[in-house]
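See structure below.
Note that the chains are named A, B, C, D, E and F in the order they appear, and that numbering of residues resets to 1 at the start of each chain.
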């Protein structure tokens, strides 16, 4: 029963990801897509958490943390790219 | 156009600290849990990359004045060195060995040469990652 | 024993709630009219969803294995800190790259401050860039 | 003792890394890299002789017994190639010292060459398929860098194609590896051979073998050589020479290993396909060589012809054919390196790469011209130079086996080789010179030393074929009887 | 599951191949990236899926899922990172010097 | 070190020394130094004559590559002796002649070096018993001949001639090599003598005839037999001493030598008989026929050489009948053809050598060899005229010169062959004497042309302007010696026969006892036999035709310029070059897309082809792990994302979609219990995405693909085929459960390597070597990117090689 619910939750997450994927593909603007990807990442965090419960293993908890970090880094990179076209500035004045 | 990055920079200071800690943790936990030289190195490297993204080349370089090419080279040297060490003990190349050694304060610890090897790996990963990002960003 | 069972159920329900919120938030991302409102759906409700899930997982491991996962707590905190910043940055980027507001939104007050005067010249570049990237 | 086996791989790597720290001291870089190459050449020669007395030697890395760990295996075949590769790289370095220029030298030129040779040596020596992939990658990445080193317009363009095709080829390699692991569940070559023999190479395994054929063909330039002519004509001369001598040969080595050791049991299918591919390669190579109007084109298509010819030896598959293939491999490595060095020097002294725009070079550079003449004869398989023994033995094998079509194509190709190179000789070296002896661009002394050494080695390999015979025969014997190899790895 | 994965891998290979056959440089590079994804999944699939526990001795007693493909993929991922990075830089250097990212224009038969 | 090996090696050693001591030697001195060698070699060889005549042979073996049966075996018998005497004898005379012929401004050291090289190679050919060594020397003669022909390489014609001769003779050599290899495969030995010994076993085998044909190809190309003769006239661009030496007396005779040497092996075959005889006769006729129309003296001689070689060749063919018949009193008569061949071989060398030297003198003194510009030189060059007269008489087969004797024997042989009733000689055998006779008529005509157009008639005025005079004595010595021989042999033919020809005959017919019939007594006068009438007929008809040449010379116009062998050869070469070029340029067009299409198509054809034809496909889905709903969804998401990637119109979208794929794969890694992978994949994916973004600064935005619909469709089909090939093989492989994985071993990782993370212990310990190299890969990539960016092409004047 519990497992069924967990799997159901996973299906929900997948549906959400699918919807977000639609947003990534369709846009219309770049920030839309970036946000969608960010959200996919965040949803994946949840999904990984659920899978860990299903498999009852603690091996993936690092992955959760890492994914959180990386989604953040990714979003920063995207936003900087969208805003300035450059990710790494040469010096502080630009 | 100067864009105000105060919020970002404030948060990143904390986040980078977490990332670096996590990286070190992953590096050391590698032998028994997920992690290891590669992942540790990658996480540490991406932490540094995050710094570059939030700040800029000059600022970060002032704080970390390394030649990352040499860091990478050093890493390879460490990895190969630990591998070659076995030859001098008449063991096959790359033989790893481990001992349990009781430190004065820390107590008994499990020490292995794998750790040296992994440290080499991690250093190379960091060095390469940053070299790549830096070289490209510095390009005219 | 029963307490454990209940806790596990709590965890599972939390996870379920999280998943439902996430679907709703995803619908929000589809339905809302412009990037700024979508960002709201993404950052706020998704963060809620993920926190519910992680909390669920935390409770589950606590009750099931008696394992208190620091990593999960850290994860929650981390998402808690970073999600708003990310949302802020992306919205600012969107605004600066002049992604249009939805038609039915109110007045754009920042516009006159940001895009007037000497700054206008630089923004032309961004607009052009945006145009070239928006070929659809 | 066994630890010596890793020397040809690890010493260049360590030296290369050390040279990274010595970036500014060019003289020191030269000396160190040269000494390193001489050192590993000596070591590989010693190893070759050890193998004669003690049989196949292996080095289990970390002491993990096969098939679980990675290991280096040295039999005569691999060591012969390692030795040849190292010797000619040493000589090419001599050429590089006087020609490559400070700009390149400061940009880690020597480290990259050393990485390249490390990858090549590793590919020859490894006894594990996945490790072969990794060694390939070491070699390939170094080659990617070397081919683009200099950043000229044309160079970047061609190297881009080279890199993309090779990246795709690498992924194909991994696909093949995945299927291999999916079927035999092991990665050790000897163990694979044993397991394949156990079930008698059924159709699925043969398909996997064919996948490997495609992958290695891409690397070797067998039939799928499209990347080769462009990318071999753009980098600095010495890099071209190294490429021509080493890169395709590694692919050929892998092919020979795969189809003599791992998948030797369904030769009707596999060797027929190899034969057809080799035949088409030869024809296409000959057409390319005939079509060429500039020296680089002619030289690069000659590389392709060489590949086709060696693989006829594999397709025929008899002991004498394989012996011939090994002889020819050694010859081809030396002669192609020399050919590319010469061609590059022609471009350097005349500033032209079109055959007809050069004339009378031999009057200003007699020794240079005669060495070209020599290598031309060697490549055409004229006795007693190095190409002869391989050609004869492959021909012998083809006759024993009844592969007359391949025999005809192969021998006809040697005439085309001669014809195409002769055209260069007659047009560019002979004839009236337009530049007086005083105005000529002098050839650096280091280049001459490299030419003469390589030319001498060609003559020695040809005339002294007997002194190589014990090694080559032993190598062919091991190739023909995979059980020798398997037993050396898995028993004791 | 394995069959499903094989179909997915097939689709990925198809997409990768199609992209590699493009004229545009970036598409080609993305194609190689997709191919590398497919390859990693393939190696994993070849080890057998869901056949055992996470290969951590501290977490369970086994049987474990096949760990060797995982190690291989890890190596492959890192190598693919290295090559992709190099390829990207090479691509933009080529673009800058040759002034085109269209591979048909980069044929280079006429200009030299 | 025996004398035979020394004889071969000395020329080589000297050839190597000349360039070394070039600077020390006086230029005028160099020829005299070189002359010592052939003279002394000749003298040494003459000491062998009595012993060889007694039937002795000399054989010595030196190891060269014994592992593959390639040994340096010298073998000196009657046949070798004839040739070696010719090589050294004519060689001495030619060098003596060239000392006066070549100006000291020429690069003499090259000339003599090549000449010595050639001499050594020739001696090697005739002394080798081992097929491979024979082949080695054989090719060396081609190479040295190439060098000599191209001696004046600043002339375009020289280069063209050299190229042609090299291409044709080396091709023939390669064919011969294949023939030798076939012989080796049949007999298991490379020694000619052993092959002759086993001839009965060999002739049964299927490869026998191919081997025969291939060996003959070698001989024919070298001996300039029809249709390979085209290189010989072009080779006349060489300095005249070279022509005299290589292209009349020695190198072209190597083919003759080969045929004679292999007569005991192949002689019994009908193919051999007809090929050698037929090609010989054809060449005899064609050479003579073409010689008549030439206007260059040297070209006339070249074609005449071709023709004479055909004569010798056809004689050898006729003689091979005896091998077929085996020894009996009736069959011995046919050996006389071979005897005549060997006899004519010597005769030809003498008179043709002299004639070439004569042409050289004319060229040297008058400055032209064109018969249209020459005439009446008899009074200016009386000695030269004598040489020409005697040489031409001999060549035309007139008494009292040696050519008469051998020509008579030739006629006799052709007539006697018609009596035979094997090899379907009865039906077409009558053609043999007919062709021989017609060819002799033409021979007579061109001999007449040489003598009359050059020396008779009026002196053309432009010649006189140059104030010509007779050649220096030194230049006349050699031709006069040869002319002396021409006469001497006529008067003492039987001395030659007994000491030199007889032992050679027993080399050609090793199984025949040396009876008197084998070495017939040669008479200048032997009664009114058919051959005498034939000779008389030749003279009469020849004179007649020469007289009325103007009237029938037009028939040459019937042969259109377009269809001469030379033109065909040129056309084959150029068209094959052009066709190759157009094909190669068509598919090697630099377009990466096309290259990939070739690669993928071959991939599909070869791999899927094998897979399907071997029926390797099998699929049992029941063995699969179960599929959960969410996994199915994830698969769909991935498929969807990847398809969207194809249609992505902006690069950011594409990169984002790639990121989605990366994330999804990481999630698969989670589902499939690979935590380390999931971590690595996530980090690498993010870093890669960042890299893309950084590099986008320098790259252009995606443009819509400009490819046509058809290309897109075909690309799509190819991709689908590739993808489905992988899928199908994968489906077959996942059910392949015959073995247990080696990774079971790694599950003891804690015990073995002290680590509880199996993947990590594999990476760090079991397979640490991979990891180490992978780190190296990373370093290379990092450094590589650095250099790629920093090392930009220098602007101009940067000549790095």
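Note that contacts are C-beta pairs under 8 Å (C-beta built on N, C-alpha and C of every residue); 3 or more make two chains touch, one makes a residue touch a chain.
By chain, UniProt protein names: A = Multisubunit sodium/proton antiporter MrpF subunit; B = Multisubunit sodium/proton antiporter MrpB subunit; C = Multisubunit sodium/proton antiporter MrpG subunit; D = Multisubunit sodium/proton antiporter MrpD subunit; E = Multisubunit sodium/proton antiporter MrpC subunit; F = Multisubunit sodium/proton antiporter MrpA subunit.
None of these values were measured; they are calculated from a predicted model.
Common neighbours of chain A and chain B (chains touching each): C, E, F.
Contact tally for B-F versus E-F: the pair with more C-beta pairs in contact is E-F.
Ranked by how close its mean Cα position lies to the mean of all protein Cα atoms, the top chain is D.
Farthest from chain A in terms of Cα centroid separation is F. Using mean Cα coordinates as chain centres, the one most removed from chain B is F. Distance from the chain D centre to the chain E centre is 28 Å, each centre being the mean of its Cα atoms. For the pair chain B and chain C, the distance between C-alpha centroids works out to 31 Å. Centre-to-centre separation of chain C and chain F, using mean CA positions: 78 Å. The multi-chain contact residues of chain E, meaning those touching 2 or more other chains, are 13, 20, 25, 28, 38, 42, 45-47, 53-54, 56-58, 68, 74-75, 78-79, 82-83, 85-86, 89-91, 93, 97, 103, 106, 108. In chain D, the residues touching two or more other chains are 13, 17, 20, 61-62, 130, 134, 137, 141, 144-145, 148, 151-153, 161, 164, 168, 175, 179, 182, 187, 230. Counting partner chains per residue, chain C shows two or more touched chains at residues 74, 78, 82, 85, 89, 96, 133-134, 136. Within the complex, the chain A residues that touch chain C are 2, 5-6, 8-10, 12-13, 15-17, 19-20, 22-23, 27-32, 34-36, 38-39, 42-43, 45-46, 49-50, 52-53, 56, 58, 61-62, 64-65, 68-69, 71-72, 75-76, 78-80, 82-83, 85. Residue ranges on chain D touching chain B, taken from their complex, read 2-3, 6, 10, 13-14, 17-18, 20-21, 59-63. Residue ranges of chain F in contact with chain E, taken from their complex: 585, 589-593, 596-597, 600, 619, 621, 623-627, 631-632, 635, 638-639, 642-643, 645-646, 651, 654-655, 658, 661-662, 665, 668-669, 671-677, 680-681, 684, 687-688, 691-692, 695, 698-700, 702-703, 705-707, 715-716, 718-720, 722-724, 726-727, 730-731, 733-734, 741-743, 746-747, 749-750, 756-759, 762-763, 767, 770-771, 774, 777-778, 780-782, 784-785, 788-789, 793.
Residues 1-15, 17-28, 30, 33-34, 37-38, 40-42, 44-58, 62-68, 70-71, 73-75, 77-86, 88-93, 95-97, 101-104, 106-109 of chain E touch chain F in their complex. By the touch rule above, chain B contacts chain F in their complex via residues 26, 30-39, 42-43, 45-46, 49, 53, 68-69, 72-73, 75-76, 79-80, 83, 94, 96, 98, 110, 112, 114, 117-118, 120-121, 124-125, 127-129, 131-133, 135-139.
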